[in-house]
Amino acid sequence: MTHTPGISRPPKDMIEALQEIGAATIAGTLGHMGISHPHIVGPVSWNKGKSIVGPALTLQFMPKREDLYGEGEYTDPEKQLHRHVLYHVQEGDVVVVDARGDMTSGVFGDMMSTYFKGRGGAGMVVDGCLRDYPNLKKLDLPLWLRGWTPAFHTQTGLMPFAVNVPIACGGVTVIPGDIIVADDDGAVVLPVALAPKVIETAKVHHEWEDFSRMKLLQGAPLQRYYPLHQDAFPEYEAWKAGRPGSSG
Amino acid sequence: MTHTPGISRPPKDMIEALQEIGAATIAGTLGHMGISHPHIVGPVSWNKGKSIVGPALTLQFMPKREDLYGEGEYTDPEKQLHRHVLYHVQEGDVVVVDARGDMTSGVFGDMMSTYFKGRGGAGMVVDGCLRDYPNLKKLDLPLWLRGWTPAFHTQTGLMPFAVNVPIACGGVTVIPGDIIVADDDGAVVLPVALAPKVIETAKVHHEWEDFSRMKLLQGAPLQRYYPLHQDAFPEYEAWKAGRPGSSG
Amino acid sequence: MTHTPGISRPPKDMIEALQEIGAATIAGTLGHMGISHPHIVGPVSWNKGKSIVGPALTLQFMPKREDLYGEGEYTDPEKQLHRHVLYHVQEGDVVVVDARGDMTSGVFGDMMSTYFKGRGGAGMVVDGCLRDYPNLKKLDLPLWLRGWTPAFHTQTGLMPFAVNVPIACGGVTVIPGDIIVADDDGAVVLPVALAPKVIETAKVHHEWEDFSRMKLLQGAPLQRYYPLHQDAFPEYEAWKAGRPGSSG
Amino acid sequence: MTHTPGISRPPKDMIEALQEIGAATIAGTLGHMGISHPHIVGPVSWNKGKSIVGPALTLQFMPKREDLYGEGEYTDPEKQLHRHVLYHVQEGDVVVVDARGDMTSGVFGDMMSTYFKGRGGAGMVVDGCLRDYPNLKKLDLPLWLRGWTPAFHTQTGLMPFAVNVPIACGGVTVIPGDIIVADDDGAVVLPVALAPKVIETAKVHHEWEDFSRMKLLQGAPLQRYYPLHQDAFPEYEAWKAGRPGSSG
Amino acid sequence: MTHTPGISRPPKDMIEALQEIGAATIAGTLGHMGISHPHIVGPVSWNKGKSIVGPALTLQFMPKREDLYGEGEYTDPEKQLHRHVLYHVQEGDVVVVDARGDMTSGVFGDMMSTYFKGRGGAGMVVDGCLRDYPNLKKLDLPLWLRGWTPAFHTQTGLMPFAVNVPIACGGVTVIPGDIIVADDDGAVVLPVALAPKVIETAKVHHEWEDFSRMKLLQGAPLQRYYPLHQDAFPEYEAWKAGRPGSSG
Amino acid sequence: MTHTPGISRPPKDMIEALQEIGAATIAGTLGHMGISHPHIVGPVSWNKGKSIVGPALTLQFMPKREDLYGEGEYTDPEKQLHRHVLYHVQEGDVVVVDARGDMTSGVFGDMMSTYFKGRGGAGMVVDGCLRDYPNLKKLDLPLWLRGWTPAFHTQTGLMPFAVNVPIACGGVTVIPGDIIVADDDGAVVLPVALAPKVIETAKVHHEWEDFSRMKLLQGAPLQRYYPLHQDAFPEYEAWKAGRPGSSG
């Protein structure tokens, strides 16, 4: 029997706290903390407007070697390793696949993805392709991919090789259990250990941003309103006081 | 006068039988029959949701050589070889173009494409670009392309070279008359001689797939429902019997 | 204090005259005038259906060198050179950015783009990425980009280096003040000195094109209707005479 | 029996006249005659110092399709099309191969190349690889290639498809019988019809070049000596008169 | 303390038997046995004429993540994982490195390579670069690389991640202990389990090959001499009998 | 008359001090000083064994625009901007060219390079190609290039645009006057302001390196000898004392 390891999941409240923060803020904050490349480059959103946060289950593909990937794979479905990453899916999980950027191998199709959705998976990030878009799109899954292909994953040059091991996906090392934050900007890898500081930094809400945005849209000077110049604080305070619901 | 060869078209019923089968099923079936790479990689659907099946008319571009592509091409339109592939278009044909993956040459524009539509062409697959998207999109043609450019096809590095000869398009050899099946997964080349077996294989409908899909979406075990395990057949039979319209 | 040069803008009526002409016609006309590569290859429209014409303000990125891009950039916003190109924006201007095709650096985000819109900017052409798509898309700006990233522009390998200098963007040399024409076909660079001739050429309206388009859509022969053959002129004249509003 | 067409060869004296002229002079002259891209980009010299001129025999590879390239190819060597291009080799011929830039397919090995040498072949230009370098190098053949691979040509994604048809090799269209000139700068395609003018132009020998080269190497001003300024002609004439063997 | 696993080595006589066979024969034989891609594409010989056979020790690089690759790596050399693969080197071993094709990271320099040579390492295959070529070349090591860089391996985007785990190198999956055969054609991965059959197949020596080679070099027909036609066997037998040292 | 700016050159003794240090040491030292990417990636040594240090004169190419690069360039050589960078050459200077990685444009040929050598130029670094290798190689110039082409530089897509301005070459920003250090590892950009610290760091000669190298080559443990472990210092001291010429 094939056994593959599980993952440790971050606490629910950490995931919830991150849900209010977009990928841009997280990547930018990580950048200032010294993490230069948290962005998985290559896979892009195929379901615009969707935003997800969740722990990474990982699936690693390797170049196909016919001596390692035999006939049995077809006759006994349980030997097909890409199924096994799905067996681990819990509510809110994100499946992250290193498909080596290949444009000719469809990692999952309609039925596998239906199962993924049935298990409550949050979304998938694949450095490569899925297959059967005409049917798959009915599931309305959040997906970050390089594209689509009608071919199946071992039809050309890849074979599934390992589940829940560290992988490189789109130029970023992903450790199983890392938090994935993905929206229309792309997918970002947030190490669990850094999440508390990222959440804290994001909390320091620049209350004046709404005010500045309004002024900038009116053509007001960038130098005065972004970042908000000290000379403009009284103006901002007055605006804030005049807003409905303000206690001033 | 320029003469270019025509093509042999597959029987209408073959085309019709294929229309019920998607590119993913065809590519997958071909894969199991030993055809590894039927997928034209590069051109993607620019008219999502469209699906076509039809015989390939081919147009080959070659690197421009100024001694071979002279002034006369401009003064006498009949010397422009890309027009000639369109002269062959019959109801349901697919024009397949090897434009060498070039992103700076627009193979056809608004007027040519209008003529193609007027002739009843099913769609086009171009390993390269078309031009004049703002006008062309009004035709609502099924198109698989790498993209768009405002430049015309001989403005930069290409010249039309041959019509209805074997071409390589997106990494696949296309023989004039081959069947093209294209949908949101991409375009697939199906040799006419293999079509009967592909159709036959696709007929073996897995009736339990709808049942399994329903169960998987409810979070039921993949091991039991895909492929349907023998232990689950009684459950499936009971479900089938209970459906409205079932004879049980 | 950082000083960056301004640009000379073409006359308003030139811009207006160009607004009726699409990128395909302009690129094609330039091609016949000997300008082979006016098309900025790489950046594509991220706001389909938008069409803009305006003078180019340019921003040049260079590979980051830590000795040239110091801490001060962060503490004093005025040292951040990408802000300065925005200070020059007037109604109808187009910001063109050489971001070296980089997919990991977000040139502008939400606030900068809001300011750009507030100033009346027509649109942006970036050989690279912007960041914060979830917020930025609310501005409904005409944008030609390679894509999106959550990372900021100096997080990885680039630094802003110069404003309103000649740049190479998508394989085309752009001189500050050049006219940018962009639509769903892509962005084209039109040198001001060549604009009068392009406008004049485009004025030579092929009145028969509407007639031909109608005929072609009915499946009529391309040889007769495009370009309109002399034999078909009487037919065209009769059609024209019969149209409502015709003086015949 | 497989039949493949032969080629027309240019007259011997044309080949001889070209042998004194390098690829750089020929490419430059063609450039001034309006042929922008005569250089086969990709294949580089693997036998430095060799220089060849000869007519092109062409071999075209296409993406492998298992239904088109069957078992018989192995059992009956005569069905292997790459052999057939070699059957046409006469003294001084150049075999030019479109192997689609593939780095995993070895077009010819040791024995085929021995036969090529035995027939008097001048050299090969391959947009791809040969195999068995350890043995092949003993033949000391002039070769322009992308590299080497131990795999044979149909082991991965290619199949030989046609002999002595027009091909694209390294971005240049090669018509069978075109003259190939290759040296350490690379391989250039010279259409036979343009050869007389190229030879004539090259004959206009800049006699002062040797003089200028000597002066430049001494650090003399480029403005005066290249091209030779009219002010410097007396100096040159004096130098020429003083050389041993001069009649002055 | 860092512990990394060792490898199982194939029997000495297997290595010896393979030493008489070149990479081309091995790759070709594997191809006929169904292994399509045994060739590590990318790394090329930097020490022409060298030929090696030996078991693979593997080193895996991953995209650098600053939270995973900390300061300690520099202060405690034993934490530097690339050293550890060298600790395993025994006489005849081949170090194979997945450096992700990176051209900016020098995996090993002068001192490490000196240690590798001191331990009796047979050679290295790196999908990436080494550094300090001016000093390293004095060691005269057999090396297959993409190139050289003066930068060290963690200076840019990589970090050493694992030792003696399965890696992908140049598009081939390499399992620790696989046999590497490398010469001027490149490096090939030979699974130990397939080695006996490869050796056996190679033993079937085509004795007539020397005869055929001689004939082909004289311009004799390929059809008769390669493969040797049955009609030509008497001629071959006569030649063989006449050679000095023949018992005939 | 065309005027182009000159450069400031670093003091001679700085250049001399750097001549004893290789590119690997300089790149590594810069890496530890926070300069991640000093290595010009792409151009490689075409004259193995050569090593140079000198200030950068820069030449910038841009995509050709026919309206900006007119006929006059050919009739008046002084308008050809690539000549002007050579006018600045003094003894020991390095010409660095951003030719945009183009493989079809030969930046300089035989005569220009002869002049360069005559002026005492140290070498050239070109992110692109030179032309006329058969003649140029006779000059034995130190050259770092992507390759060679027989075509001249404006034959295809480039035009010389500026002299002694900041350029990007192989992914590194080069400011005119920056120090270039190049050897078989490649070319490195050393900012003048950082040179003193780099020289000082390199002075801290690890005297034990020769000892360690000898031990490692004998198969001694890396842990003990590199870096030299404190336990091994007595052994090293004894060895040093015993060497001929030692005062001990």
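Chains here go by letter, A, B, C, D, E and F, matching the order in which they are written, and residues are numbered from 1 within each.
One rule holds in what follows: contacts are C-beta pairs under 8 Å (C-beta built on N, C-alpha and C of every residue); 3 or more make two chains touch, one makes a residue touch a chain.
Bear in mind that the values here come from a model prediction, so they are computed numbers and not experimental data.
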Touching both chain C and chain E (chains) = A, F
What is the chain whose Cα centroid lies farthest from the Cα centroid of chain E?
-> C
Maximum distance between Cα centroids and chain D occurs for chain A
Mind checking chain D against chain F and telling me if their interface is mostly the same residue numbers on each side, over half, or mostly different?
-> different
Between chain E and chain B, distance of the C-alpha-averaged centres to the nearest whole Å | 42
Distance between chain centroids, defined by C-alpha means - chain D, chain E (Å) | 32
Residues of chain E that touch at least two other chains are 36-37
Got a list of which chains touch which?
-> A-B, A-C, A-E, B-C, B-D, C-F, D-E, D-F, E-F
In their shared complex, chain B is touched by residues of chain A numbered 77-78, 83, 86-87, 103-104, 106, 109-112, 114-115, 117-120, 131-135, 137, 147-152, 155-156
Which residues of chain C touch chain B in their complex?
-> 22-28, 31, 36-39, 41, 44, 49, 51, 183-186, 188, 209, 212-213, 215-220, 222-223, 225-227
Residues of chain C touching chain F in the complex = 34-37, 62-68, 100, 157, 159, 161, 166, 168, 171-173, 175, 191, 193-194
